[in-house]
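Pasting the structures here.
Next, two complexes with chain A in common: one pairs it with chain B, the other with chain C.
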Partner chain A sequence: MALIARGLGYIYGQGTGFGIDALRGVDFDLSPGELLVIAGATGSGKSTLLRLLAGLLRPSAGSVTVDGAAPDARSARGKVAIVFQNPESQFFAESVLADVAFGPGNLGADDPDVVAADALAAVGLDPDTFGGRSPLTLSGGEARRAAIAGALAMRAPYLLLDEPTAGLDSRGRRDVIAAVTAERVRAGVAVVTHDPDEFLSHADHVLALSEGAPVFDGSVAALFDAFREYESAGLRLPEVVRAQLLARERGAHIPSIGFEPREAARVLMAARGDRR
Partner chain B sequence: MIDVRDVMVVYPGAGRPALDGVSLTLSPGESVALLGANGSGKSTLARLCNALLLPSAGTVSVDGMDTRDAAAVWDVRSRVGFVQQNPENQIVGTVAEEDVAFGPENLGVPAGELRRRVDDALEAVGLAGMQRREPHLLSDGQKQRLAIAGALAMCPAYLVLDEPTAMLDGTGRAEVAAVLQTLRDEGVGILHITHQLAEAADADRLVVLSEGRIVYEGTPLGLIGEPERAERYGVDLPHMAVLTAGLRARGIDVPALMLDAESVVEALWR
Partner chain C sequence: MRVPVAFGQYVPVDSPIHALDAKTKMGLVAAFTAGVFMVDGFPGLVVMALVVVAAVAVSRVPWRIAVRGVRALSFILAFTLLAHGLRWNPATVTLVRLGPLAVDGPGLVTGVFFAARIMLLVVGTSLLTLTTTPVQLTDGLERVMRPLEVVRFPAGEVAMMLTIALRFIPTTAAEAEKIVIAQTARGARFDEGGPIRRARAFVPVLVPLFINLFRRAEDLALAMESRCYRGGRGRTRLNASVMRPADWMTLAFATVVMIAVGVAL
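Let's look at the complex of A and B:
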């Protein structure tokens, strides 16, 4: 059981003579319990990939399957939940709880309000405090999390998120990252972002795109070994991680890379001491 | 000068004031970075500067005009340009030059002058030659620069930007930062709202809001020296600044503002 892409490609305006080759040659498997980070600069094909995975576009080449079926097949319905950029602009209900309960209600859940309350709790918004409020009164970080709760409430086995932390402050990002990574207990999670730094320490798998084609595909440890290649595609690892990789290149003994800056300082000092 | 004096803003039904006893000045040619967590009052303060919002108490004046004076409101707004976070929400034209011309054209600026303003504004943001480009074909960084050009075509003395880079990737952020730096050097007063201290490092002055009050006013470097305080206010310190602080605490002599990995490794293994 997995969300699988094989040789996936997409051309906008195919056959018109003005076709734009937005994506080509993408392969991956996403199983429940995994976090896949899809990294790439603006225009690298990330959002096109997300639309293909959700069945909103039909591939020009290759295929997407959801537990063996096409994403727009009846048996795939409700299996892929997607959170687009700025999801908080899509609120429409009068209360946060009603907004989150809309999806499960449509899917025929027995008690959508209970499902919605669980989803709100999962993103760190107390349903008793926030459920009755108008979505318009939420702060930026709260609104983003409420919108993500709307997708969690679908209880889909695959959850896709497009730039879930863009525009949030550090507290908001921390809360969203915690909520998203916690979903792995139940679902396969794919995060599409131009700023993968804060997701890397949680990622099982990284797929990097540049101008529509994969430039790296593998584990985070493999990514660190291939970081020069990753950077030659115009992508950049977090500066604190780079410092440790550069030291490693110089021959310093660094058995494991620290993601957090205070930890990175410790790692670098220890490596320096070793050499003496 | 934009002079915000002892201002309070209370939204109907809200528990605490969005701004409480806030004072701030912005002079032409000065760049001030305004930082704070989501909900700290940054956007409220931005909206006070060009009379999109009026204070519940206290005063806001722009070059001596009180923003509550209904007769002065258009004058105030032509002096204070406003750029929002999402460029998609502020582009109205079908091609770049029409979008930039929208403001001054509505004010009845004569054709020759209008042409000059539009070309100058596009040039200032590095979009010269893209006059006929359709906005939806621009990159996000270019779109945000187009939105800034639209504000510049009004020849503002001040520019207030509410998280103009939040939706942009690294390249787009660098493009916008370079444009803001140039405008400041040309004498425009810049109020740049962000929650990334790395983006505020070039500002003349840093002001931090927390729960509607100013809790820090000083140099960017001063706050980098106090990481716990910055974190408490919801301000993102550059991770490299935290790393170098960690190294300094262990007796390594590296500058506090060394933000690239190469220099740090060089300093450690020299």
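Let's look at the complex of A and C:
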């Protein structure tokens, strides 16, 4: 049981003579419990890939299957939840709770409000405090989390997020990352972003795209071994990580990479001690 | 789901009609309309039809697009024909009789005349928007409305409002499409149930659409104000539209011909 892409490709305006080759040759498997980070610069095909996975576009090449079925098949309905860029611009209900309950209500959940309250709690918004408020009164970080709760409430086995931290302040980003990484306990999560720094330490798998084609595909440990390849896609690893990788490239003995500055300092100190 | 676009959208090709100034084309449309209404027989309509056919041919707008407006009016055309052609229990001789209902020969001819007039008007006037970009059109409109400023009519502001409204049509369509996709992903269905249920299904699209539009309008107003927009007065144009001699000649010649046809036939 997994969300599987095989040889996936997409051409915008196929057959018009003005077709734009947005994506080609993408393969991966996403199982519940995994976090996949799809990284790429602007225009690398990330958002197209996400739409293909959610069944909102039909692939020009290759295939997507959700637990064995096509993503737009009836049996796959409700299996893939997606959070688009700036999802807070789609609020419509009078209260946060009613908005979050929209998805489960459409899928015929027994008690959408209870599911919605759980989802709000999962993103760190107290349902009693926030549930009754108008979505338009929320701060940027709160609104983004409430919108993500709207997707979590669908209880889909696969969750896709498009730039979930874009435009948030550092506190909002931290809250969103905590909510997203907590969700993978239940679901397979794919995060699409041009700035994957904060998700890397949580990721099982990284797929880097450049101009529609995969340039790196593997675990985070493998990514650190091949970081030059990754950077050729116009992406950059976090400076803290980069410093350790550059030291390792020059021969320092660094068995594991630290993501936090404190940890990185310890790793580098130990490496220097080894060489003496 | 695609948002439908109304007929009359600009067709970007090169033609002598495209090259005419927007004000010329507005004048031509006015003269054409007057001519079509002054004509009172089929010979006049035939001449006007030839004018329209020639204009469409010169404009290089594809015929399929040029006559698209007629389809939108099919109900009005049918109604015009029936209203003139049908008689209830007539005393005079009729073409076809079905109980008390009858199709009247002279009435039908009158109906055909009026229907043809409507079709000519639609195809002829739609050439204006088919061959003129919205921006050229509003610029021309502003110039034509300027004399009204004497009676404190805000011509510049009205033109600016029109430009902005036109500019926002594609933006709004794209936004609507985005929201429809997002709500579909949350299990919303727009194609199930009866008319009331379908209409209700659009609430989750319309509410955010309007909120975002108001937000964007406020942003735009602030941006314009912070760049010192203070209405039309004293503004100069980067691309001023100028009536060339060819414009004046076309306008004068066509106006004379149309009015002459209208008076004579």
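One rule holds in what follows: the second predicted complex is superposed on the first by the 276 of 276 C-alpha atoms of A that agree within 3 Å, B and C clash if a C-alpha of one lies under 4 Å from a C-alpha of the other, contacts with A are read in each partner's own complex, and residues count from 1 in each chain.
The rule is simple: contacts are C-beta pairs under 8 Å (C-beta built on N, C-alpha and C of every residue); 3 or more make two chains touch, one makes a residue touch a chain.
Treat the numbers as computed from the prediction; the structure is a model and nothing was measured.
Between chain B and chain C, it is B that contacts the larger number of residues in chain A. Residue contacts after overlaying the shared chain place A:G218 against neither chain B nor chain C.
In the superposed model, A:A247 lies in contact with chain B only, and not with chain C. Once chain A of one complex is fitted onto chain A of the other, the partner contacts of A:D195 are limited to chain B, with no touch recorded for chain C.
Of the two partner chains, chain C is the only one that A:G78 touches; chain B does not reach it.
Contact with chain B, but none with chain C, is seen for A:G43 once the two complexes are overlaid on the shared chain.
By the document's definition of touching, of the two partners only chain B reaches A:A265; chain C does not. By the touch criterion stated above, A:G68 is placed in contact with neither chain B nor chain C. Contacts of A:S170 after superposition: chain B is touched, whereas chain C is not reached.
In the complex of the two chains, the chain C residues touching chain A come out as 178-179, 181-189, 203-208, 211-212. Residues 54, 56, 77-78, 81-82, 84, 87, 89-93, 102-103, 105-107, 136, 150-151, 154 of chain A are the ones touching chain C in the complex. Of all the residues in chain B, the ones that touch chain A in their complex are 36-39, 85-86, 139-141, 163, 166-172, 195, 231, 234-236, 238-240, 242-247, 249-250, 252, 259-262, 264-265, 268-269. Residue ranges of chain A in contact with chain B, taken from their complex: 41-43, 85-86, 139-141, 166-172, 194-195, 236, 238-240, 242-243, 245-247, 250, 252, 261-262, 264-266, 268-269, 272, 275.
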